[in-house]
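Alright, structures below, take your time with them.
Here come two complexes built around subunit A, the first alongside subunit B, the second alongside subunit C.
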Partner chain A sequence: MKFRCERDVLIEALNNAGRAVSSRGGSLPVLSGVRLELRGNALTVTGSDLDLTITMSTTVHGEADGVTVLPSKLASDIVRALEPGRVDVEVAGDEANITSGRSQFAVRAIPATEFPRITEPEGEELALDGAALAHGLRQVVSAASTDESRSAILTGVLMAAEASGLRLVATDSYRLAVRDLSSTSFLQEGQSVLVPSNALKELARLLGDGDTVRLRLGDRDAAFTVGDTTLITRLISGEFPNYRNLIPKNQPACLTVARASLLESVKRMKVVAKEPSTPVKLDMSNDGLKLTVNAQDIGSAAEELDAKYEGPELTVAFNPEYLVAGLDAAEGDEVTLECIDALKPALLRSLGNTEFLYLLMPVRVS
Partner chain B sequence: MRLVIARCSVDYAGRLSAHLPMAVRLLMVKADGCVAVHADGGAYKPLNWMNAPNTLTERDGEWVVRNPKGETLTITIEEILSDSAWELGPDPGLQKDGVEAHLQELLAANPHTIETGLVLVRREHATDIGPVDLLCRDAGGVAVAIEVKRRGEIDGVEQLTRYLERMDLDPLLRPVRGVFVAQQIKPQARVLAESRGIICVEIDYDELRGIESAELRLF
Partner chain C sequence: MADRTILHVDMDAFFVSVELLDRPDLRGQPVVVGGTGDRGVVAAASYEARAFGVHSAMPSVRARRLCPHAVFLPGRHDRYSEVSRRVMAVFESFTPIVEPLSLDEAFLDVTGSARLHGDGPGIASAIRRRVLEQEGLTCSVGVAPSKFVAKLASEAAKPRATPEGPVFGTGVHVVPPDGVLAFLHPLPVQALWGVGPATLQKLARLGVRTVADLATLPVDTLTGAVGSAAGHHLHDLANGRDDRDVEPDREAKSIGHEETFSDDLFDPPAIDRQLVRMADAVAGRLRAHGVGARTVTVKVRFPDFRTLTRSVTLPQAVDTGGELTAHGRRLLGSVDLSPGVRLLGIHAGSLVSGGPRQLELFLEDRPDATRAIDDIRERFGDDAIGPAVLLGESGLRRKRRGEQQWGPS
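Moving on, here comes the complex of A and B:
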């Protein structure tokens, strides 16, 4: 294999593919590498941890076709350290030479035959509005669990067909985010898939305004293609929690407050509430909203905000991280926080917007 | 169970002699015949006691407890402040929490809590040197031998290592991965296990039992 290209072209390909490279190491050492395949002037770089595979194709000046696997982090670090400009890559036997200007690196390559064969799902290719999908994903993905040891199902985002379009749902059991994308649909009526949230985070990162996502959906995996990059992810099998029953129908207390003000205020409270277990208390009354934090051995903070409140006086405490995430995800100038009592889930919505909701469990305080 | 609060002095005579001067104490006479003298302190430990079998002779102002070895506990009572007796009935015994058998049972029912994709093949999988607690298959179909302990110490790692050696001789199983599971794994045991390619997993027993935590959850 022999090719040359601009340094930044190679950096982008190595970085994009490298994001899927297994950080766990383990049973297949080859998965710590990225696979480079050159056919003519087309260079394809692939990284995979078997659950998630990212492949990026780019155009280089090819001189000799071939396939190799290079240690992902090392190759990426080397290329990033080079001066901007032309980079030459030549692989002979088990050694890859990376040359730029007067710099030369020799890297031990991993036998390409050890790299697992990744197959794309064979379903029909569908085109989606990338901007809307990326927007929706950014609103819900953070509510998915990152703790695989607890439940793999909760690490996924449910993509379900609804009468109004596509619904995205994520929950880690402490909060639940639901987003309806009325303009987007790729599933049959009643169909749903559970996609790992880390794959969707990568997809959202790849998507820019105006991009179109091409999707192929298989029984066990899904492939999302954005421009020259394809992301293949295993789907999660299992039954997603029945989230519909969790959403309360009537809440006697409703706070309406400026979203940005509340967001900034909670962030200020977080300065004192360094431990995630330190809750921020919201005292809601007809006089408005008062936020307080008491962190043992650290100190306390309090702040009052103008707010409209309907209902009995109520104090509810939340994990500030989760409250910030919800306020970040909600849009619009004003949000409503609807509560039943201090121990029941609170519903956060953007005022007048029914396409997104964020259900947040309070924290028990004495 | 008879409980007597009394101002008393106590003299023990036997292998040695001991004297407790006059003071208010709790005299406990259990249904099995044990007699114990407690002060208002010292946790569970009596000041003096005599195990069953023994004979208790009550006279006016004096109890004498004698055992077959000829040891005597003489309690001289100046004043009885309270004297009550209660029928406690049969005792169900101490049920220790987190015993290995229960852990093993819970993990067998929920192998995914050890590792995502793990499926139980059988409990107590027999090898020619003894049974390994759990035999599972991982998501890739590889056999996984799991040893469950309350406390993960070096002995447990050695035990699992021996099982793995025997199981690797079985062409239907090999290669066999090892996973060492415990509520708490000692650092030395972890180092030894990992040097042998054995994965260590600490599990939360309460969570496994589904005990409600202080955290509120949606479901």
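Moving on, here comes the complex of A and C:
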């Protein structure tokens, strides 16, 4: 294999594909590498941890077709360290030579035959609005669980076809984020897939404004294509929890508050709440809102905020991390927080916006 | 502080004595309770067996070599617990301030019991009488103004094993407040809590052999040799100072189960089944104590006795079998079990009760389910319900506390 290209072209391809390479050293040594395949002028770079595969195709000046696997981190570090400009890559036997100007690197290649065959799902192609999807994912993905040992299902984001369009749902059982993308059509109503949240984080990163996402679904995996990059992820099988019944209607207590003020205030309170389990208490009354944190052996903090409140006087405590995440995702100038009591889920929304909701379970303080 | 009256009550050869209640024919013979298999350890030995050098925590194989004619009995933890509960109830009839240290010993603060039950020596004798009448068991009682002196005093009251047979002790040993130093000073330093082989060696270099030597040693010299905290602690003890209270509600620091298997386990599903079994039992005990665990530790011993532990600290306390199993599995996943597993254990630590608890959206049902499990076990017995993977041909094989504690039979 032999080709030449601009340094930055190669950096982008190696970086994008490299993001699927597991840093924790999986079972197959070959998976610590990225696979490079050259056909004519088309260079395809692939990284995979078997659950997630990212492939980027790019155009180079090809001189001899071929396939090789290079150590992902090393190759990417080398190319990034080069001077900007032309880079020559030539692989002969098990040695890859990377040259630029008067710099020359020789790297031991990994036998390409060991690299697993990644087959793309062959389903019908759907087109999704990339900007809307990226926006929705940023609001929802962080609510998914990162703890595989608790529940694999909760590490996924549900992409469901509703009458109104695509709905994204994620929950780690402590909070639940739901985002409706009403302008985006997706599958047939009632159908859904459960996609690992880490794959969607990568997808959101790849998406820029104006991109279209092409999606193909298989039984076990899904391929998202954005421009020259394709991300293939396994799907999570299993039943997503029935979240619909959880979303309360007509809660008796409703707080309306400026989102930025509450967000800043909770962040200030969080300074004292070092342990994530130290809750921030919200005292809600007709006088407004008071936030307090009491961290044992550390100290305490309190702050009052202007707010509109309808309902009986109520104190509810939340994990400040989760509250901040919800306020971040809610967007808009004002948010509403609807509650029943100190032990039932509280519903956070942007005022007047029905496309996004964030349901948060309180912390019980005895 | 006014003088306190503290009792340390220690049952005499408890496990063996309970066995002898059920097997009176063995009285007067060397009897050893513990793991009876090749890999077991001694849990208790009768005074007749002790005369041959058998003592607890010794490998059963060695005990058998020292005393081949001894009768070896497997331990019956359930039976000992049952007797222990009744004995502790006797203690509690004299004072509410009882701190059990294990099944067979406890501290009692009887300072406030004088008007109702008499002075310390009187209560000590009354307890011995009641336990003997009610349970047919003997115990030794130390009476002193502090916990550690009371414990040493009960030791002085114990029967002793001699080649000619057991010599009965005084049963009660009283150390009055003005007699503490006279009692302590002739004792060897290793009698003090906190003096293990390493400290003993350091003290020996300073010429310290008895508690009296220690008491006269300048505290700076002592802290220089054994460290500041240990030095001050030993200095206090040597001078008879120990202000620790008898704590009736002393919370368990960790709750766990471990088990040595009769054959090393290699099969991953079999190892997993054992994990599920133990996690389920540990979770049940957590809930029984009304606590949750913030750390989960698994312990693995390989056939070559190499032992390792893996721990995880959790953001949120757990108390269900499912949660403990999930964390245990993840910890075991980082361990290469291919050499085989001789012993497996799971421990729940950093126990917390109450405190803030993050509520969960869907799992509101789950505490109910777990509560239902506890209720069913309460009414119909421990084997009435359990994890499905534990279902064998002869029903559920749940882990019981103390089962195979001293090695398989």
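Here is the rule we use: the second predicted complex is superposed on the first by the 366 of 366 C-alpha atoms of A that agree within 3 Å, B and C clash if a C-alpha of one lies under 4 Å from a C-alpha of the other, contacts with A are read in each partner's own complex, and residues count from 1 in each chain.
As a convention for this text, a residue touches a chain if its C-beta (ideal position, glycine included) is under 8 Å from a C-beta of that chain, and two chains touch if they have at least 3 such contacts.
Everything quoted here is computed from the prediction, not taken from an experiment.
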Checklist entry - Putting subunit B and subunit C onto subunit A via the overlay, clash or fit? => result clash
Next on the checklist: Looking at A:343, would you say it contacts subunit B, subunit C, both, or neither? Reply first, second, both or neither.
Outcome noted: both
Checklist entry - First (subunit B), second (subunit C), both or neither: which does A:361 touch? => result both
Checklist entry - Does subunit A have more residues touched by subunit B or by subunit C? => result C
Next on the checklist: Between subunit B and subunit C, whom does A:278 touch in the aligned arrangement: first, second, both, or neither?
Outcome noted: second
Checklist entry - If you stack the two complexes on chain A, which partner ends up touching A:152: first (subunit B), second (subunit C), both, or neither? => result first
Checklist entry - Taking 38-46, 56-64, 128-136 or 200-208 from subunit C, which overlaps subunit B after aligning chain A? => result 128-136
Next on the checklist: Quick check on my understanding: which residues of subunit A belong to both its subunit B contact set and its subunit C contact set?
Outcome noted: 149, 171, 173-176, 241, 246, 343, 345, 359, 361-364
Next on the checklist: Taking the touch rule as given, give the residues of subunit B at its contact with subunit A in the complex, in rising order.
Outcome noted: 112-113, 116-117, 140, 142, 214-219
Checklist entry - Which positions of subunit C touch subunit A when the two form their complex? => result 315-316, 323, 326-327, 329-330, 354-363
Checklist entry - Okay, in this complex, where on subunit A does subunit B touch? => result 27, 148-149, 152, 171, 173-176, 241, 246, 343, 345, 359, 361-364
Checklist entry - Tell me, which parts of subunit A touch subunit C in their complex? => result 149-150, 171, 173-176, 241, 243, 246, 276-279, 317, 319, 343, 345, 359, 361-366
